[in-house]
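We just call them A, B, C and D in the order they show up, numbering each chain from 1.
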Amino acid sequence: MNEGPGEWLRTEIGGSTRDSIVVGGLDLASQVMGELSLAELAFLLASGRTPSAAESRLFNAVLVSLADHGLTPTALAARLTYTGAPESLQGAIAAGLLGAGSVFLGPVEDTARFLGAILADTRSDTDDALGDAAEVAVERAIGEGRRIPGLGHPIHKEVDPRTPRLYQLARETGLAGPHLRVLEHVAAAHREATRRALPINGAGAAGAVLSDLGFPPSSARGFALLARTAGLIGHLAEEVRNPLGMRLWREVDERASRASGID
Amino acid sequence: MNEGPGEWLRTEIGGSTRDSIVVGGLDLASQVMGELSLAELAFLLASGRTPSAAESRLFNAVLVSLADHGLTPTALAARLTYTGAPESLQGAIAAGLLGAGSVFLGPVEDTARFLGAILADTRSDTDDALGDAAEVAVERAIGEGRRIPGLGHPIHKEVDPRTPRLYQLARETGLAGPHLRVLEHVAAAHREATRRALPINGAGAAGAVLSDLGFPPSSARGFALLARTAGLIGHLAEEVRNPLGMRLWREVDERASRASGID
Amino acid sequence: MNEGPGEWLRTEIGGSTRDSIVVGGLDLASQVMGELSLAELAFLLASGRTPSAAESRLFNAVLVSLADHGLTPTALAARLTYTGAPESLQGAIAAGLLGAGSVFLGPVEDTARFLGAILADTRSDTDDALGDAAEVAVERAIGEGRRIPGLGHPIHKEVDPRTPRLYQLARETGLAGPHLRVLEHVAAAHREATRRALPINGAGAAGAVLSDLGFPPSSARGFALLARTAGLIGHLAEEVRNPLGMRLWREVDERASRASGID
Amino acid sequence: MNEGPGEWLRTEIGGSTRDSIVVGGLDLASQVMGELSLAELAFLLASGRTPSAAESRLFNAVLVSLADHGLTPTALAARLTYTGAPESLQGAIAAGLLGAGSVFLGPVEDTARFLGAILADTRSDTDDALGDAAEVAVERAIGEGRRIPGLGHPIHKEVDPRTPRLYQLARETGLAGPHLRVLEHVAAAHREATRRALPINGAGAAGAVLSDLGFPPSSARGFALLARTAGLIGHLAEEVRNPLGMRLWREVDERASRASGID
């Protein structure tokens, strides 16, 4: 209300004075360093609270599950960018992150959003109510020709190995919540409606866990990008030791010249 | 040796089959999820080995020390990018990372490189030998008009609060190594030569710790970028809740119009 | 059909042999250099044909109309990125482009798409038919609570000065086509339906011209990014001569510290 | 001098009022649209003055010479990024630009800088003086184990077809200046000193022309990025029509799995 000029220009993420640095409301030197892991700090900065030990374990499990998938387009883009600009590691990592869009990491956010919408429409959280709500949502999506986010995987056709492990860890830590539960109902409703059994994929399960941990869908996507950064750092460290970008370019260029009739 | 065609096209970072996913040589579902934190996985992917508990604690302390410094140019660039392209969170994070170059995060790598060069020239690791080598390197740098990386800070003029904490944690974990030691000699030699006491800054101490943990200077920079990604996710989560990009633009635009005589 | 292995790996954009370079199907040295301007080459690479002199004039007018709008979020992001990474000009330009998303340059593509859909539904291109089709589309959009792309501007409340000029140039060059015509009907239908007169904005008119020149909506967005790159190069050249990134940071940081009660 | 608060927050690149838009000091609607091409506007924004017709022709020839080289690492990075994030064209272009660093486009700037330093040391611009200065600079660089920028090309081993064309156009337009002249002396001095004839490459000749046109080395790099953006737009338009990113990924992934013994 009575906001003075410039009152809007503030942040609770971090700040510093001559003698101290504050991050997420905590004193960096005494309360964060040696006390919180990087993932725990990310949790704090996105949510405003530090995670419990159980939450931290589950949250880290989600992050590592999203970190890398080999020589994907994002890893290749990062390595090829490093080939052309080795002086600018930040550019190579940025290039890798830029391909983490709707096709690859989008499903984490999309699943979170889809499950959240179902739960918002549900009158109770009994299994019957969740099952009914999932059925309605799946049928509507199918009727409108939309894909159900969180189901199916091009390689892991029967089981995505990350999914049962995330469910197990969520149960072990006592943090399995309504999003994970309704996701199982969604998979069942899809199977029922289409007579095809698609596995819950790792991105979908990750989106459900992050929602159960209290994060909004947009943060789910942010964490997927944080996880991917760790993978990209690995790829770039390997590219420094054992470069493949230049050889990939050479091969592509030769084959393209041949295919185009240039020689 | 007997490398067939395409043998060069491989990675040890990650891969998958129908039933399993491997990351850094470990089975993702059973050996990484629930077992390693994101920072520990990043350590593994960059170095090829998992850290001990002590290494993990010190490594995380370095990462959190580099995660955020408030409304810096990189945080502002990320937030302003989000203002124009809210549909593309990866673009906002990439924009934020792109400013983490020579001025802000470069000192981590530069210090690692500077200390590594001193140690490569040192015949023994007694305090006398380290002190002499530091003196020679500092005098040469001053003579050539180069800055000594790792010293001085625009805000923390006497002590950078991260530095004593990193030294303390390195000692507590038994991981204080020659890079941290020679950095103290560098600061002393600089004080001696210039009669000005500059504190060891947090970026410099971080570079020394990462070197003592066995990482090459280029990985030091990669980890700084990973840490910064966590900070950027915090800023963007705050920007979603409490946007300042649009208001910053409006104010800048009005003042610039006035200053340019346009109205 | 009978595609051999690797036949898919080809491009018609460019290629080279020991003695020659081909770009867009033309010999670079003899047919492009000294013969085509950069904008004409971009036209060729996106469409597969070189523009006529009239098309080139109109196309360049669209590009320059989209090049710059002062200290916008994208220009600020580029300058702040340069502040942190002056060694990597490509990073600063990339950061600037990343904010050219749905909010700022999206309207060029969105308008092109909106107009294209109306024309696809229209049985003839008489003014009556276009007017009817525009009316239907505008009413449907209003009914669904969607914004009409291409109308209204936060600063140019009555007339966006780019719009009449683009219409005039399109007429002068004989290239005014159905997209420009239907856009006028859209503006009229919107005025009719809402009793508020919103001007056709420059982005909308640009999208209509690019469509009339035969480009698909996604290319319209690409050209907007090309134009913006020229503006960003100007901002960065000015930032080198007369930096404002560091001062902007200082001011923001001080005000944010005060607002946050840190001092 | 007597700068009030906020006086520093200004730009001469662009601005707007309710009724008009100014770019580079000119009225956009009446003095730029229909009057200047995009390249001419970029020239104006970077230098503060509009080019003559001769300068415009030569400047455009430089730009088109740098626009594309087929499926280079930067084109591949852009296309692979589009594969993962087709909703964000700006991200794909940004990723492509990020690889335009020291290896690929750096030589334009490096040559400009190298030639500028030689000319700054030269007492007159007679051919004898230029030849002597080039000889000294080349010998010093060879003595220090540095590469001479602007010479040699991995594919165009005898003649880079862009180079003679740029020299010819510079002469035709009357704009051949000291940088182009001294670059020929540099090539001769290198041939003399090493007994190997390396051709002047296109990037080097481009850097010399841009310097002769009055631009500082950092602008030379900026223009190379502008030119490359035009090429990337072509690649992405082709990727939309005829995608290769996904197939490239599939092939790389299969071969990497086989090479890594995963199956």
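Keep in mind that, in the parts below, a residue touches a chain if its C-beta (ideal position, glycine included) is under 8 Å from a C-beta of that chain, and two chains touch if they have at least 3 such contacts.
From a predicted model like this one, the values you see are computed outputs, not experimental measurements.
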Centroid-based (C-alpha) most distant chain relative to chain B:
C
Could you quickly compare B-C and B-D and let me know which has more C-beta contacts?
B-C
Per the C-alpha centroid definition, the whole-Å distance linking chain A and chain B comes out as 23
Averaging C-alpha coordinates per chain, one finds the centres of chain B and chain D separated by a number of Å equal to 31
CA centroid of chain B to CA centroid of chain C, Å:
37
Send over the residues of chain D in touch with two or more other chains.
8-12, 15-17, 70-71, 85, 87-88, 90-91, 94-95, 98-101, 248, 252, 256-257
State the interface residues of chain A toward chain B in the complex, per the touch definition above.
8-21, 23-24, 28-30, 32-34, 36-39, 41-42, 44-47, 56-57, 60-61, 63-65, 67-71, 75, 88-91, 93-95, 97-101, 105, 155-159, 161-162, 164-166, 169, 172, 216, 218-219, 221-223, 225-227, 229-231, 233-238, 240, 244, 247-248
Over in the complex, which chain A residues touch chain D? Could you list them?
70-74, 76-77, 80-88, 91-92, 94-95, 98-104, 245-246, 248-249, 252-253, 256-257
Taking the complex as given, what residues does chain B use to touch chain D?
6-12, 15-17, 22, 85, 87-88, 90-91, 94, 98, 252, 255-260, 262-263
